[in-house]
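Letters A, B, C and D name the chains as they come in the text, with residue numbers starting at 1 for each one.
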Amino acid sequence: PAALAQGNPVPTEGGDPNILNLPEHSTGLGQGVNPEGSYGMPSKYEAHVKRRISPGLTQTTQASVSFAPLQSLFGIVTPSGLHFERHHQGWWDIDPSKHRLMINGMVKRPMVLTMDEIMRLPSVSRFHFIECGANTAAEWGNVAVPTVQYTHGMLSCSEFTGVPLITLLEMAGADLKNGKFVLAEGADGSSMTRTIPMSLILSGEVLVAYGQNGEMLRPENGYPLRLVVPGVQGVSWVKYLRRIELGDKPYATKDEAVHYIDLMPDGLHRQYSNLQEAKSVITTPSGGQVLLDKGFYNITGLAWSGFGKIKRVDVSVDGGRNWRTARLEGPVHSKALTRFNIDWVWDGKPAILQSRAMDETGFVQPTYKQLRAVRGTRSIYHNNAIQSWLVQENGEVKNVQLS
Amino acid sequence: AEKFPGVGRTATPKEVAAWDIDVRPDFKGLPPGSGTVAKGQDIWETKCASCHGTFGDSNEVFSPLAGGITPDDIKTGRVAKLKDPTAGRTTFMKVATLSTIWDYIHRAMPWTQPKSLSPDEVYSVVAFLLNLNGIVPDNFTLSDKNIAEVQQRMPNRNGMTTKHHLWPGNEFGGTKTPDTHNVACMKDCAPEPKVASFLPDFARNAHGNLAEQNRIIGPVRGEDTTKPAPK
Amino acid sequence: PAALAQGNPVPTEGGDPNILNLPEHSTGLGQGVNPEGSYGMPSKYEAHVKRRISPGLTQTTQASVSFAPLQSLFGIVTPSGLHFERHHQGWWDIDPSKHRLMINGMVKRPMVLTMDEIMRLPSVSRFHFIECGANTAAEWGNVAVPTVQYTHGMLSCSEFTGVPLITLLEMAGADLKNGKFVLAEGADGSSMTRTIPMSLILSGEVLVAYGQNGEMLRPENGYPLRLVVPGVQGVSWVKYLRRIELGDKPYATKDEAVHYIDLMPDGLHRQYSNLQEAKSVITTPSGGQVLLDKGFYNITGLAWSGFGKIKRVDVSVDGGRNWRTARLEGPVHSKALTRFNIDWVWDGKPAILQSRAMDETGFVQPTYKQLRAVRGTRSIYHNNAIQSWLVQENGEVKNVQLS
Amino acid sequence: AEKFPGVGRTATPKEVAAWDIDVRPDFKGLPPGSGTVAKGQDIWETKCASCHGTFGDSNEVFSPLAGGITPDDIKTGRVAKLKDPTAGRTTFMKVATLSTIWDYIHRAMPWTQPKSLSPDEVYSVVAFLLNLNGIVPDNFTLSDKNIAEVQQRMPNRNGMTTKHHLWPGNEFGGTKTPDTHNVACMKDCAPEPKVASFLPDFARNAHGNLAEQNRIIGPVRGEDTTKPAPK
């Protein structure tokens, strides 16, 4: 659009000064390898790519959230320095040599393990998404926030390394016949507790993890130990994990009896609603961005499902009337973010962009209309509706909902 | 032979006692003890009211704990106000299980000094909160002996359902099918789209300047929300 | 071994003080979400996990290398802050808005693109390893360095996002019939140049990449643009990429005519030796580490091949006499690091640990004897021999070579 | 129709000239010009010798550029000393293509001021280096006209082979099979292993304290190399 200059004008002096006048980095000696003890950081030109707090969302910073800048990320890995944060009683940098894990409850032999010991056990490394159950919560009723960082940014994906929880339960002689529920408990002030589904433990999917993207978990994400519960909302991925208890009944902890319960139109709350259903969002172009010009664009975004692998993602540029199937970056991992890309030539006219995920169960991401027809607009959690971005004639992209 | 020789050891009873503090809906894990509404009020005023308000109704540090409950709710075990789309939702309007409140206060409150309350103090302050919400009388003493009876008066005790698709496994006997059944239609699927909701112009800059929330290069820029939208 | 105390002693006071005395993080309020503008960092307890310079290896820091701490990494992703560095004329933090890419040579229309434009094109995201051709060079003749950081640390693996180079060549109307070689050129002082194999360009594997592990490339790794040449030694992954030229002859650039040539016993040098053959190394336990105790260990390591996917990794604990097949973490990506794990119970006696990779072509990683029989000991590059770690009775692990 | 409308533009001739500086083995890309050994020596002493030594033999900032070449090498085009396992390897012992030297000095040297030399200066300093290595006489003038002849005197011009397995594609007609043919034997594969090489005790701390190069937790620790190995 006229509003913005072209990024690559035809040069007036017979050439782009950025080419004709060699930059100092082509005519000088650069910096040396980083000195011992340094840890590499992003370019100074990337200062805009940061986690952000949504103004007015929470009253404290310790029971709060910072959102990942999805609009600026590539691929499926979330850099750990940009991983979304969600704390219920603040975060800590815990001395790992003093951290302990206890296994108790319906086990033959209650146990205590050090980090040294946990890290000696057979480990696995897997890519999984983590999404807060309250991701996209602000949008249940109406458009409330402008960008994908605020609409969908309680979402990240990492390679996690750890020990399958089932290994530890078996070590302790767990009564897997009568033990039907596991309590996971953190070591932070809230000593966060959640009831963990046994089926995911038995399948070997639930991990007691210490590694994230090749290094240890970050303090904000539970260093030195957290539970990884693939497909399940983030609150179950207990951070600073200190205890695992096997029991025969569910625990109804605060964050599964007062929060992370979904209010239905009839006034009933759904309890133990754990899984994140298939969902997707276009990250570029997305709300709050401006297209620089008419012409070709690569529409790109993320899809994920707590029920397994993403099978297909379709994209519409006309508000859901017509759809084309996007390219998925493979191999597609189960319960991990999946990047999709699709070609698009923007003609300068208004366009409404949508993406629609389908997972390996055949489930298709719903429209707002379909979702609200069952769940109303007050259930806070598990909003997986199709997102609409309106590209306006002036190039600006708006977060919109359709009737 | 051990499967993982050298790894891990048996926990001692003292150790398990130190950490196994959870209290379940059937009150497994609840330590013996008791506390009165009056004692609870004292504790509340010293240790809780600064954040939650004298009547548990403050919205300053966290959403309100108390209020929104009618005597009829206590009878039916369903909080009627939860059907009202305009109503706020307090903790006691939602919670079905008293154990949850006892357990959480014991492990996590006061926020800046979690685990500093003795069991009797927790009984007391829970009694106070029950009283604030009209569930027990002013002169009530809550204890491990009568807590199960009080559970029978929890205003939203019948307000939970597990009939849904979102728990992996059969433990709660949820539903087998999802709530929604969208189909992957590809052509002429929907009528001409109409925008029903968007942010008003005055909120353009409410989340800060979006130009500074996008990379300085790339296929797009962030909107300069310090200025009105370009024509 | 007796030398080290057990990590998890049976408590004398009836319990571990780290359990009985609740730590301050269980009895206090933690820190708030990170303020706007911060970028998350590892725990302060992870200060030992750093890139390092090998003493005496280079005479300057700008033509030098820092090694990734493989001994402390998990999974396959190398955190970008720990990615190995190799510079020939120092590194720069280049203003991306002024960076340009030129396509010229045997093309109908020589072109200039801005970063904005490159980032509008169809992109792909793929996991690939990058290994310096000189990785493990110090060990051709004899054991020279103590740890896997120094023996194998010029190795990293990231998710790269970018545009297939073939897309750009086609845009420029490349003469793909007569154009047989591509020159890639950087914008740094050395304006690093390398001849890029056409077959990998035609296969769509070579990328003009801007993304690494979800964010932009790090300045040390070529921000804002570098070539990704999967399977090929790192020097071809030209950083600060400014130009692509299509030609009909190879270029014999300094780093393919004076260095990155392999001296054979007969005095001939092999030129244009680009691919990294199948290789693997055990990262834990590895040289310079000490086992804390007898008993169970998870032996873990990395395998990779420039010829495609890793098919299998075998591990020996008796210096190559007997082997067992390790577990591979899947899905296995082509030309990416592949993590392997295998169980081991250490009986306290000396043991020699080895790993042996096999790739999808059926090629099996060679012993030092086999490799030296063909290449001698002076070829510097492409040392992919099987690594031996000697676990001594005192628990210390030594880098050794066998006769 | 364009495939990617709006993306990219045609490069101007001026732009291509500014960046297309590479010189190929067949001297495609070589700008016209010339330079004498004498002028090269002046440049060398002012701009190069501080790092590479007066005779190109310094090892202080980088490995030696000159030396190790015999008149016979210049005849045969193979540097004999490359067969000597005890000999060091200078740049001119290895390089087969003179274009490489011209191109590299032009684009990258002097190290702190790359691209500051004019073509004539590069011709001069290359002439000087050729003279240092006994390839051209003291009174030689190198130019775009005679450089191909000088190439015929490069001491290691026949010293390269592309008969190997490590170039993807057929452009160089490499070999179809790899150098080594290990087999994935699983049982009783090798004789009792004998350690043939390891670091001597005195080098224990040569790479710093390895205890500080490993995590403070985990299945292992780093060796405390400030102390002798434990028994």
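Just so it is clear, a residue touches a chain if its C-beta (ideal position, glycine included) is under 8 Å from a C-beta of that chain, and two chains touch if they have at least 3 such contacts.
What you are looking at is a predicted structure, and each value in this text was computed from that prediction instead of being measured.
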Joint neighbours of chain D and chain C, given as chain labels: A
Contacts common to chain A and chain B (chain labels): C
Most widely separated chain from chain C, with each centre as the mean of CA atoms: B
Centre-of-Cα separation between chain D and chain B, whole angstrom: 66
Geometric centre distance via CA averages, chain C-chain A, whole Å: 27
Between chain A and chain D, centroid-to-centroid distance (C-alpha), Å: 46
Per-residue multi-chain contacts in chain B, two or more chains: 3-4, 6-9, 15, 19, 111, 114-115, 215-219
Contacts with two or more other chains, residues of chain C listed in rising order: 8, 16, 19, 26-29, 45-46, 49, 52, 60, 62, 72, 89, 96-97, 102, 112-114, 116-117, 120-121, 189, 191, 216, 224, 242, 292, 295-298
Arrangement of touching chains [line / ring / star / complete / other]: other
Chain pairs in mutual contact under the definition given at the outset: A-B, A-C, A-D, B-C, C-D
Interface residues, chain B side, partner chain A - complex: 3-4, 6-11, 15-16, 19-22, 24-26, 28, 59-62, 78-80, 82-83, 85, 89, 91, 94-97, 99-100, 103-104, 107-108, 111, 114-115, 156, 159-172, 178-199, 203, 206-208, 210, 212-223, 225, 229-231
Chain B partner contacts - residues on chain C that touch it in the complex: 8, 10-11, 14-16, 19-20, 22, 26-29, 96-97, 114-116, 119-120, 216, 224, 293-296, 345
Complex contacts: residues of chain B adjacent to chain C: 3-9, 12-15, 18-19, 111-116, 215-219
Chain A to chain C touching residues, read off their complex: 7-8, 16, 18-19, 23, 25-34, 36-47, 49-53, 60-62, 64-66, 72-83, 85, 87, 89-100, 102, 112-114, 116-117, 120-126, 159-161, 187-189, 191, 210-211, 213-216, 218-220, 223-224, 240, 242, 292, 295-298, 300, 329, 331, 333, 339, 341, 343
Footprint of chain D on chain C - complex, ascending: 1, 3-4, 45-46, 48-49, 52, 54-55, 59-60, 62-63, 69, 71-72, 89, 102-104, 109-113, 117, 120-121, 142-147, 149-150, 170-172, 180-181, 183, 185, 189-191, 193, 197-200, 231-232, 242-243, 245, 247, 249-254, 257-258, 261-275, 277, 284-285, 288-292, 297-298, 312, 314, 318-324, 352, 356, 358, 363-367, 370-371, 373-378, 382, 388, 390, 392, 394-403
